[in-house]
Amino acid sequence: MKRIAFTLMLLFYCISAFAAKVDTVQIPSAAMNKTYKAAIAFPNAYAKSKASFPVLYLLHGGYGHFDDWLSKTPDKSLVKNLADQYNIIIVMPEGEIFSYYVDSPVDPGSKFETYIIREVIPFIDSKYRTVNDKKGRLITGLSMGGYGSLYLSTRHPDLFAAAGSMSGALDPNMTTWKLPPDRFEMLTKMLDKIWGPMTPDTYLQYSVVNMADQIRRNGLPLVINIGVDDFLLEPNRELHRRLVYNHTPHDYSEQPGGHTWEFWQNALPGHLLFFSKVLKANGTYVL
Amino acid sequence: MKRIAFTLMLLFYCISAFAAKVDTVQIPSAAMNKTYKAAIAFPNAYAKSKASFPVLYLLHGGYGHFDDWLSKTPDKSLVKNLADQYNIIIVMPEGEIFSYYVDSPVDPGSKFETYIIREVIPFIDSKYRTVNDKKGRLITGLSMGGYGSLYLSTRHPDLFAAAGSMSGALDPNMTTWKLPPDRFEMLTKMLDKIWGPMTPDTYLQYSVVNMADQIRRNGLPLVINIGVDDFLLEPNRELHRRLVYNHTPHDYSEQPGGHTWEFWQNALPGHLLFFSKVLKANGTYVL
Amino acid sequence: MKRIAFTLMLLFYCISAFAAKVDTVQIPSAAMNKTYKAAIAFPNAYAKSKASFPVLYLLHGGYGHFDDWLSKTPDKSLVKNLADQYNIIIVMPEGEIFSYYVDSPVDPGSKFETYIIREVIPFIDSKYRTVNDKKGRLITGLSMGGYGSLYLSTRHPDLFAAAGSMSGALDPNMTTWKLPPDRFEMLTKMLDKIWGPMTPDTYLQYSVVNMADQIRRNGLPLVINIGVDDFLLEPNRELHRRLVYNHTPHDYSEQPGGHTWEFWQNALPGHLLFFSKVLKANGTYVL
Amino acid sequence: MKRIAFTLMLLFYCISAFAAKVDTVQIPSAAMNKTYKAAIAFPNAYAKSKASFPVLYLLHGGYGHFDDWLSKTPDKSLVKNLADQYNIIIVMPEGEIFSYYVDSPVDPGSKFETYIIREVIPFIDSKYRTVNDKKGRLITGLSMGGYGSLYLSTRHPDLFAAAGSMSGALDPNMTTWKLPPDRFEMLTKMLDKIWGPMTPDTYLQYSVVNMADQIRRNGLPLVINIGVDDFLLEPNRELHRRLVYNHTPHDYSEQPGGHTWEFWQNALPGHLLFFSKVLKANGTYVL
């Protein structure tokens, strides 16, 4: 009997897998007078249920767009499978190629902190059956998106249960990165458009590394990964050291690899596992 | 239709969970002229299948015994559930209270390297439907068991696909630990029985920290966790630094917490996830 | 001929050594309505010259008083000999037993920042033939005095050419120190009188570790020593890491030993050598 | 009276300074069937005395020769002045451009360990009034010479009282250095002539970083400097960490700057100060 049920189960699971929903939606920005797309991966269970589901905001990196996590991972169904496995709605918003997910101090047309916090999140909460509460809201991302995740969750701790970073560009001051001089020049030119002219002090207010004490006060569970060959190793190590120094609990991992989609594909499941423990502990996990 | 199958599936899963097999067996040691017990958690799928299953050797810590992982974790079904989830047979052998899983240089009655490598592993492979090959054999443990896992896998890389350590006592030289003087005295007395009288040079040959170059040569995937409040933090950091220095790929995490069952219960699922990726890559993972 | 001159030189040197001047003076504090003593070691050359001499402010540690550097070093003539060797006036002011050289936020009777900066320095400059300028003013100290040196020079960079710290208590938040619990309790009680009730955030504004960016902006040459067995190792390492991270030039040494007068006697000559190079470079060194 | 003697003293000091002796000698090598030059700076006091003087062996770096320390420092009289100030004979032997001061495993014509230890030292001791004993023999050097100093003193601890390293190339495995790829290629080609074809394991036996436990056993006082911008930072940090880990007393400094003569000119006086304390403690210092 078990065997028959098991086989049926396997059959329906396979069918369900092929029917996993990933939608593309338009989320307007009044602040930027523009509309941007977002992708949303719904767990299978979402359509079959009346429960409210937790939401993970999954941010792309520099040079990227909203659909990176669906198109650039070696396993194209990574995000969909994780949404199913953990019963979490995964929202992938647009962050433009170099917004850093901040409200730019120099470009009024780049207000991605406002967009994510005041426009995307309310849009998602109003349209879908989400846990519309800090308890059921998570955020993580890669590179510029890892920065964005920690920047936004540190400035808005009332909105998130936990946050993560994969290869996060945690310090926009690129003198802390390991870049060859020509690449440093080129990136500086591009990023001047967002940050304005660069001084170490201009950067301080935007550096997540410099927010270690605010991170301590907030007390959000954090999961941080960095590859030992990544040019962003130092900012990640520096943040970790400051969080150890000021006794802030956080998960920190150094792993093989560098700034690659292979690394991020390998790291994301660990973030979902980490987040699922947080959700189980605060009662919003959907079984 | 989906809903009915889903419900049936849930029902049988629950029944299966209550029916997860954990056996206790006797594994004799010719080398020590003794017989010790071991616990074995079989995945549900084992009884329903003809496939060969990978095996994880899960080592207990100091002051402990074979059944620690079944009796001391807050969630008593942790190991059984992981065996089910990942289709891995989990063997928990006896390591006695302070054997360090080595062949003691001074106590001929304590030969736990020989026991695990030449007696337990062949016993398990002969009695059960295991992947009787390096590709399907994994090892990890906590504290003294974390040391044992890395010590044994480093000395017998032909036997294992990957290894892990949770709060590993990676350097038996306890001057590298953060112990209060009275505890240091007391442990020294106990461990003299295994190591003999202590000098920094006696310890070097047994220190996993000192094996960083052999670890590099072996190339086994490794997953290492340590709590930032653990008295074993320094040996773990030192091994990590040497493995970064000599370019040995390995996963290393510093997490909140100390030398507690709560920490190990939190770390073990991450080890199983890590091992499952290794098994999937080498073709021995049972779907 | 050389030999005769050499012998004469040796003779007079010896006579001069025995005649090295160390004065004790009274330096009143209007801010605290009290008068405190200070010791001053004058180079031999001071009395024989009309030149203006640079001044080193040498601060004592916790539980100490103005004459510590003359009475507690194994070699009681250490400070006098260094004053002679480098032609620097060495002023040893009173810092009371636990003032931390700050203006206490809770005890109006403890205003040692005001005392040192606005009362002691002007007193010395008015009474003696000093280089009354940032260029000829140096500061260093041990333990609480190392903290004081860096705290005062960071807040008053216009007053000093360079600063040093030996075993500095660089973070008044004692959870960053390696203290046994009973000592932690006892020191906390004592220091509450100066700092007020303790929170991590109260301490931030007084932590030299937290001033790494101001230190960078100031650009003062710094020389920092810490013993690897010192309970203050972590705050010193943390400051050093932050100064490396933000590219602030500074001399940092880890040496054998702990929080002992032997350590400080060994470190002070290196500080004088360091300071002499600064003075030679800015033209205030007296040959 | 003091003033007259002081003036006479000053006069003779100046005369003496201009008369400081730096000799160039030929020191043959039977092992290499060659004769190499060496420079020797004698303290003023040497000629006026019958005492035996301690000797410092000061090694040059890669691409260099015996007279580097006399010709490449900004202050050309640095070494002579230090010899005078500390009454130490400073010997600057030839190490050829890339010998690493080892007996090459592949080039029988490059035996600089034998040369320094068995040929130069006995030559100096036989020809000059030296302290012909471990107690009065010191060694230090820059870059390849810093490596040589630690390599030779670690392998011959019976010959030296203390050793130093400035920007030492402490690990000949250049994958541990921060080199641009083209420079790495070029140096690899050159150094293959000394080391033979490169593997991580070939290097281990020659890596000073890998000798941390022998260094511990030897117990020699060590003084190590590295600039934070030096491409050799990592090997120096790794050695320091291992020496802290295994409780080996040593002086370690991270300072501003990189691989420059300015850095070495700044570091050498500190080494002489360090060595003078060792000599004063063991009774061989000449007053």
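Order of writing sets the labels: A, B, C and D. Residues in every chain begin at 1.
The definition used in the following text is that a contact is a pair of C-beta atoms (placed from the backbone, for glycine too) under 8 Å apart; a residue touches a chain by one contact, two chains touch by 3 or more.
These are the chains along with the protein names UniProt gives them: A, B, C, D = S-formylglutathione hydrolase FrmB.
These numbers were taken from a predicted model, which means no experiment stands behind them.
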* Going by the contact rule set out at the top, which chains touch both chain C and chain D? -> none
* To do: Would you kindly say which chain has the C-alpha centre located farthest from the C-alpha centre of chain B?
  => C
* Asked: Expressed in ° and rounded to a multiple of 5, what is the rotation angle of the C-alpha superposition of chain A on chain C?
  -> 180
* Asked: Just curious, how far off is chain D from chain B if you go by their C-alpha centres, in Å?
  -> 48
* Asked: Counting in whole Å, what is the centre-to-centre distance of chain A and chain D, each centre being its mean C-alpha position?
  -> 52
* Structure fact -> Distance in whole angstrom between the CA centres of chain A and chain B is 33
* Structure fact -> By the touch definition above, chain C meets two or more other chains at residues none
* Pick one for the touching-chains graph, please: line, ring, star, complete, other. => ring
* Structure fact -> Touching pairs here come out as A-B, A-C, B-D, C-D
* Structure fact -> Interface with chain D, chain C side, in the complex: residues 1-3, 5-6, 8-9, 11-12, 15-16, 48, 228, 240, 244, 249-257, 266, 269-270, 273, 277
* Using the touch definition up top, name the residues of chain B that touch chain D in the complex. => 175-176, 200-201, 204, 209-210, 213, 216-217, 234, 238, 241-242, 245-247
